[in-house]
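My questions all concern the structure below.
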Amino acid sequence: MTNREPEISRALLLGHTADIALHRALEILRNESINPEVVMEFSPEKPGVLAGINDVKTLLNRNLPETGREVWALDEASSFDENEVVLRVRGPYASFGLYETAINGILSSSAGWATAARECVDAADGVPIVSLGAHHVHPSVVGVMDYSAVTGGASSCSSVLGARLAGVTASGTMAATLVIIMGDTRSAVEAFDRNMPPEVQRVAVVGTIGDEAIEAIEVSRMLRDRLRGVRLETAQTRGGVTPDLVHELRARLDQAGYNHVDIFVSGDLDPEKIQAFTDERAPVAAFGIGFHIGAARPIKFQAKIKELEGRPVARRGFVPGITLNPRLTRVL
Amino acid sequence: MTNREPEISRALLLGHTADIALHRALEILRNESINPEVVMEFSPEKPGVLAGINDVKTLLNRNLPETGREVWALDEASSFDENEVVLRVRGPYASFGLYETAINGILSSSAGWATAARECVDAADGVPIVSLGAHHVHPSVVGVMDYSAVTGGASSCSSVLGARLAGVTASGTMAATLVIIMGDTRSAVEAFDRNMPPEVQRVAVVGTIGDEAIEAIEVSRMLRDRLRGVRLETAQTRGGVTPDLVHELRARLDQAGYNHVDIFVSGDLDPEKIQAFTDERAPVAAFGIGFHIGAARPIKFQAKIKELEGRPVARRGFVPGITLNPRLTRVL
Amino acid sequence: MTNREPEISRALLLGHTADIALHRALEILRNESINPEVVMEFSPEKPGVLAGINDVKTLLNRNLPETGREVWALDEASSFDENEVVLRVRGPYASFGLYETAINGILSSSAGWATAARECVDAADGVPIVSLGAHHVHPSVVGVMDYSAVTGGASSCSSVLGARLAGVTASGTMAATLVIIMGDTRSAVEAFDRNMPPEVQRVAVVGTIGDEAIEAIEVSRMLRDRLRGVRLETAQTRGGVTPDLVHELRARLDQAGYNHVDIFVSGDLDPEKIQAFTDERAPVAAFGIGFHIGAARPIKFQAKIKELEGRPVARRGFVPGITLNPRLTRVL
Amino acid sequence: MTNREPEISRALLLGHTADIALHRALEILRNESINPEVVMEFSPEKPGVLAGINDVKTLLNRNLPETGREVWALDEASSFDENEVVLRVRGPYASFGLYETAINGILSSSAGWATAARECVDAADGVPIVSLGAHHVHPSVVGVMDYSAVTGGASSCSSVLGARLAGVTASGTMAATLVIIMGDTRSAVEAFDRNMPPEVQRVAVVGTIGDEAIEAIEVSRMLRDRLRGVRLETAQTRGGVTPDLVHELRARLDQAGYNHVDIFVSGDLDPEKIQAFTDERAPVAAFGIGFHIGAARPIKFQAKIKELEGRPVARRGFVPGITLNPRLTRVL
Amino acid sequence: MTNREPEISRALLLGHTADIALHRALEILRNESINPEVVMEFSPEKPGVLAGINDVKTLLNRNLPETGREVWALDEASSFDENEVVLRVRGPYASFGLYETAINGILSSSAGWATAARECVDAADGVPIVSLGAHHVHPSVVGVMDYSAVTGGASSCSSVLGARLAGVTASGTMAATLVIIMGDTRSAVEAFDRNMPPEVQRVAVVGTIGDEAIEAIEVSRMLRDRLRGVRLETAQTRGGVTPDLVHELRARLDQAGYNHVDIFVSGDLDPEKIQAFTDERAPVAAFGIGFHIGAARPIKFQAKIKELEGRPVARRGFVPGITLNPRLTRVL
Amino acid sequence: MTNREPEISRALLLGHTADIALHRALEILRNESINPEVVMEFSPEKPGVLAGINDVKTLLNRNLPETGREVWALDEASSFDENEVVLRVRGPYASFGLYETAINGILSSSAGWATAARECVDAADGVPIVSLGAHHVHPSVVGVMDYSAVTGGASSCSSVLGARLAGVTASGTMAATLVIIMGDTRSAVEAFDRNMPPEVQRVAVVGTIGDEAIEAIEVSRMLRDRLRGVRLETAQTRGGVTPDLVHELRARLDQAGYNHVDIFVSGDLDPEKIQAFTDERAPVAAFGIGFHIGAARPIKFQAKIKELEGRPVARRGFVPGITLNPRLTRVL
């Protein structure tokens, strides 16, 4: 997950994404020749998993003068507690004040995605999960979304860009769309098998047109040992994918002699539903998670100035001065 | 809100943000020389407000061949119902199949933000609202977030880029950070007044250091007629901003002769809290909304192929064929 | 529903089904030469639909001396209120005291079944319902159960005996068991069509082995105009039968040109689920109801002596004397 | 509980209580000369207590050919789990297919009554319970109802027929009706004592006309050592029977020197109310239970063909093949 | 309810019941020669009924100098709203500051009792209610409690002192204790009838020893036209007094020819239970209410200085200056 | 807490606060020359803390003849259980029957206050609590209220009379009223410090006019070592006093070098809120409790005659005879 190029756009560096109030504050301070050394702390309002801190570090490295600066942070992929300080920056205010908006935003969105992925990983209890969140967020953040999901524990992701950022191989089975366009599952599976290079695993989506069990046995008969597995994504209007369906399909595949064909599950999954599969010991090879990860709410982070030229300060309602957190390590 | 340049990145056009399964499906179809005319429909799973459709139109315009294509859509900023078709695309599958991920993502995120803003607008019952959501999303989408908020009904927004995309003036009062750095509200207000051009409204944040009412009367006495208003963003740890506080502050300002000084409210607002101000007729000049808009969950959209070479089709669990929707208009 | 032979067994007439305490009370009174004229009233503890009153009337007619007796009752199939008197018997206690247990039992069970059927009829809003309750009650009461269901408003029932008692034609489509034994839906439908006389409607159960829509279109193609309809009873483990499924199947049948093929629905239905079909205007030709009718709880009835030789009496806790009810008519 | 004659009516044997769909299926198979060996399994949809299995065994014994048949079952009065197979039948389908309706119905109703009785027995924690359910079910099933209640653990029952089927002595104290007809409790008790043979226990119902404690002491003074106990069945409109009332009555009887007079409790009892008596250690000699047992809902059983000529089969939605259950024993 | 002597004790006048902090504040102001004219307002934190204001007026009349004082108040027995000003006092602080504690306390307790009584009156819908609250409060406030209950709408009260303060006749039927001591209801009623002067109404408590209906008819037969009514206060352990019991007793009295005997109800009543009698049209002559009135919680009142030497002031969190309330009238 | 003069008024001794029904019962018994020895027991309907028993003892000592009397009671300040007998009186009925109302009332009110105080003490977990309840009850019971609060565990109370009855020093910090009248906190604190004798602790109320932290540091700077602490009573309209506020104020005082200044908390506290301070380890020196103690509901006590001339008796619904309670000790 190292040495990837950070996702820092030119718009961000120019401050176009910042609040105009910060532009004005910096202009006033410049006019008044005020540029104190401040300590600013960033903390979340609920527990979660940290992501995006490496991008933040790169941003600060480019802008803070080397002398006198001090940046402390938790590691990427760490768990954090409610109100725990995850980043502390010391430096001249003028050098980084404008980026308060962006740092908050990077941490908020990234932690939201990473935390949602971690919830699925915990519920899956050892079964791999794959992020299919790309359909549910603006394409401008698909890459960081999938990178954050992998940071939170996902084994892989569906977007090409996300996989590149996270240093994993993108994951994708046969698309249901291919079945619709080819007209039936049989033709789609044959075409997939004929055209894909051998290193792409044959996982056939079943139940798009006909009954899941009938199609699964049909494609098993066609591809035999070349078939790695079948994927279920039965629509909610047809009962969705349930532990009962997985158990039944497993029994029917085994009775037909296809014990080697694994079952992959996707479609409207969330941690609660994944937990049900775990609780009922349904034999699932991997879970694909779309909306729960891609559409995860950002976690709110707050930035607070806690020291001003060495003196403890705080807004009314907060404790002045630096907050102790032995888990922080110095990164700049 | 017209003729702005759409937010379509090169990564998107190259398909880097698409699911790898779609790349593979297109490769197979190409090898098999299959490129049918399809009709694909996009519909949301719950009601909301549409945003981003203009960007989608631009994307399709660039990629669909002019002959034979047909694109029908709801207007930007329209309300939509659960499961209502908001976009229908007819054309050769190979020309736009890869963008299914991106179209879904643009609509999902944009509608999420626009709908959240609309909820606030409805609750505010005529009082303007301003998006302060930039702190809560990744900077790569700050611009589209604020554009979507304005599409949903916000009067303005805090980010420079968002304001440019939406064609409004960015909005920002004096930052509380300025007060912390200057050491007290009085100095900060003086500096703000001294350094800002006359067209920037003087709205002083009060309650950052001392009592809201004491500071409000103090800054009123300093700026007199030049003061446009005061902004409250009292921390939750000190009771937050409530209708009672606004009523009390209004009474104290009026008793001191500062009837012209308006009260602006921000800090952890959501539609329910805004409704409380409306219900208790608290005299608020504008609401600033951060987390509820910026961290709004995307609304899930689904893409479905409904016709294939003129025949109605659908996945199992859905009604085959085009869905009637007289509200759609042809845009391409 | 008229002139059927009542369901009064010899065991009942001999008092074998009565409480032994009543046998003893009657023996004591006989020894003491006490046989007062009493008025006994029967009333339910919650609202419902009356059934079985004709059997009760027959029982009383056989046992009460013609002189001096007076029996007042609501009509079979009437609605009754909580605590409303539905039956009032005047006569010498020794002539009918032993049958208190049986009268209570007939009314309780029969009203339970009739009320459950009425609830389904009300929810179905004009669509016929058929009782399939025979699987869920002891065979000794299958006949009165189905008779009561028809009394409550069911159009027909599945048991041969119930249909005879109720004076309707028994109703039954192709059994799913036939599909299992023949091995596939196609063969079962062919055999059904080949062997059943023309007056038996061809309604094919679909979804027993494969997908409902695929099988429905297959059997429509086989039987064409001879096919009256298809019946859905998808298992809960596969999502059950839902309004969405009916809508989808209707659309697929219509697109294939089989507008004349009706859809029948069964499987774990209750009034709430039926209401959902009604609310979503799902095009259902008839509902088959098993457990909700067959396993309906009896409604509790209480028998109370309210007059003794012309004087008002009652147990402690109840108002002495006859309860006025203008809805009663004299039947004996 | 052995060698009683089973409750199998002629209507049942002729198939009059069966679904007409089964009659038709059997006719078709006969015409087509199809009569495969099948394995059919019966399982409940929730936990409970088994009853009626002996009647089912008798029915199968009469109809299955001796060669090749195999019947496995749990023992009468066993507890069973949700979805546990309680009966497995192997044989030619034509020999028993028609009885699927009846077997399901016998097991459903009987298990419903037995389970309700068991719930009371468990709550009573050693204090005997007596079924008074005869008032609440159709007289055609009073016998099997009381037999099932005893199978579930009741010590006795009120109906003459039920007691004969279950091999116990019917149980019944003085009827409240006797008090109403005689005009007061004193006269009724005297008549009861005068006319009943010595082996019938003297248990006087008290509180029918006057206060429970006053009447209890009055009848104790009358019958002295001959009085076995008093029975309470205070109406709900007068507060019902509660643990407090039992404690108070016990104390007043003891203070008057009638420690030998036991207290029997009846009237609207269910397991929750019985539990309250147990929890508060109310000195109760026996509980009489009417509606909770008599009006118990049947427990739903499902019959499923799981093997066809030796091959595992199942409807869509269920696991094909025989379900292992080591608790079954072979009964035929 | 006029010209009674107010309940102002010597301890109160000397300030012994005041907070010591007020003693100290007054001492400091005296030493500093500060005695400004202030306006103090008293308002409740929830709606209710005012009582005790006459005592407060007397207290202020004794202590405020006649010149310059101004006292505005709502009338005794008025309803008031949440936060409505019910009393406004203008005068030199030193003359009444010490009594802030007592005024708050008088209004809080008195309004608590009056409001509880009003709730019962509203629920009784025209049937008189009588306060029996004396058992549930300290004897030092029994008088003001019962006076407040009458102010809230009670027709009478049980305490001798309360009746004198409220200017009504004390109300009390035959005590159940008399029955216990005399040994039975019959003897107690005879003694009551023999010894009480004719102007004391004969209302016999029934159900203390035996059944309510039996005793009611017995005492009716004894006193005939001299019997005004019977009172029910059945213990909760025997089911309490319910609308059903009243209906039954009414029917039994009427059948016995005692239509003139009214039914009085007491025992654990509150507005919800009274409402049930009203809703079910139970023929009750009067309700006796103990705990709900006597143990009513005080309603919190707050005293706030709103003007100081003519200038509007207030604590932080409250609106400075006099609160308009056109319902106030000047009383001093 | 010993040898104080009990709170027994002349009105009480004359029976003016008693129910008129008891006056009449005693008059009847006198006329009939009936004066049996009775045993009367008093018990509460829910658990709590006993107070007022000493006053009751004094009352009985004055009225019961020395010969033959027997009084058993729990100790003042004991905890009692639901329905536990806390007082048993044996003596001639005529000597104390009239005081049943008063004894119930004394115990009910006093136990209500003591129990409420105990709940606060338990939640405070070692931090002292002070009763500020005097504002919320009628001045006629302010003394016994504060005495009961101390009996329940409060360290002190605010009323002069309560402190005298309880044998403690009255407790009160600087009144907020003083701040309002002096115009600002600074002047009020100076005047307090100037005029109060040295033994009165300097505890300044802060936040009345301005921000709590600013005022706290200001008064600390003024009084330095003479300042014992600051008291918070922030209005609910400004967020109330919360653990967060206390932690913040503590940090700000410590940073300014005022570690010796303690924090006292008051304002709308109840056990739940106190528990929150305890749970979050907020450094509070003492809690002041007003409404929860002063406006505590009385606990219902019932008086029951359980023996009459040596025979066990009871009303219907209760167990006759003396209730065993080994915790009682003989006090007269």
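As written, the chain order gives the labels A, B, C, D, E and F, with residue 1 at the start of each chain.
Everything that follows uses one rule, which is that a contact is a pair of C-beta atoms (placed from the backbone, for glycine too) under 8 Å apart; a residue touches a chain by one contact, two chains touch by 3 or more.
Worth saying up front: this structure is predicted, and the values here are computed from it rather than measured.
J.: Work out which chains are contact partners of both chain B and chain D.
T.: Output, common partners of chain B and chain D: A, C, E, F.
J.: Quick check for you: after a Cα superposition of chain D on chain F, what is the rotation angle, between 0 and 180°, in steps of 5?
T.: To map chain D onto chain F, rotate by about 120 degrees.
J.: If you list every residue number at the chain B and chain E contact, are more than half found on both copies (same) or fewer than half (different)?
T.: Counting which numbers both chains contribute, under half are shared, so the two copies meet through different residues.
J.: Quick check for the class: compute each chain's Cα centroid; which one is farthest from the centroid of chain A?
T.: E
J.: Which chain's centre, taken as the mean of its Cα atoms, is farthest from the centre of chain D?
T.: Comparing chain centres, B lies farthest from chain D.
J.: Rounded to a whole Å, what is the gap between the Cα centroids of chain C and chain F?
T.: That pair's centroid distance is 65 Å.
J.: If you average the Cα atoms of chain A and of chain F to get two centres, how far apart are those centres in Å?
T.: Each chain reduced to its C-alpha mean, chain A and chain F end up 58 Å apart.
J.: If you average the CA atoms of chain C and of chain D, how far apart do the two points sit, in angstrom?
T.: The mean C-alpha positions of chain C and chain D differ by 22 Å.
J.: CA centre of chain A versus CA centre of chain D: separation in Å?
T.: The answer is 58 Å.
J.: Listing for chain F: what residues touch at least two other chains?
T.: In chain F, the residues touching two or more other chains are 209-211, 234, 237-238, 244-245, 248, 314, 316-318.
J.: Which of the chains touch, listed as pairs?
T.: All touching pairs, sorted by chain label, are A-B, A-C, A-D, A-F, B-C, B-E, B-F, C-D, C-E, D-E, D-F, E-F.
J.: What does chain C use to touch chain E in their complex?
T.: The touching residues are 312, 314, 316-321.
J.: Spell out the part of chain C that touches chain A in their complex, as residue ranges.
T.: Residues of chain C touching chain A: 209-211, 214, 234, 237-240, 242, 244-245, 248.
J.: Would you mind writing out the residues of chain A in touch with chain B in their complex?
T.: Counting only chain A, the residues touching chain B are 7, 9, 11-12, 15-25, 27-29, 31-32, 34, 36, 38, 52, 93, 97, 100-102, 104-106, 108-110, 112, 132, 134-144, 158-161, 163-164, 170-178, 180-183, 191-192, 194-196, 200, 207-210, 234-238, 291, 294-298, 300-301, 305, 308, 313-318.
J.: Can you list the chain C residues touching chain B in their complex?
T.: 211, 213, 244-245, 247-248, 251-252, 255
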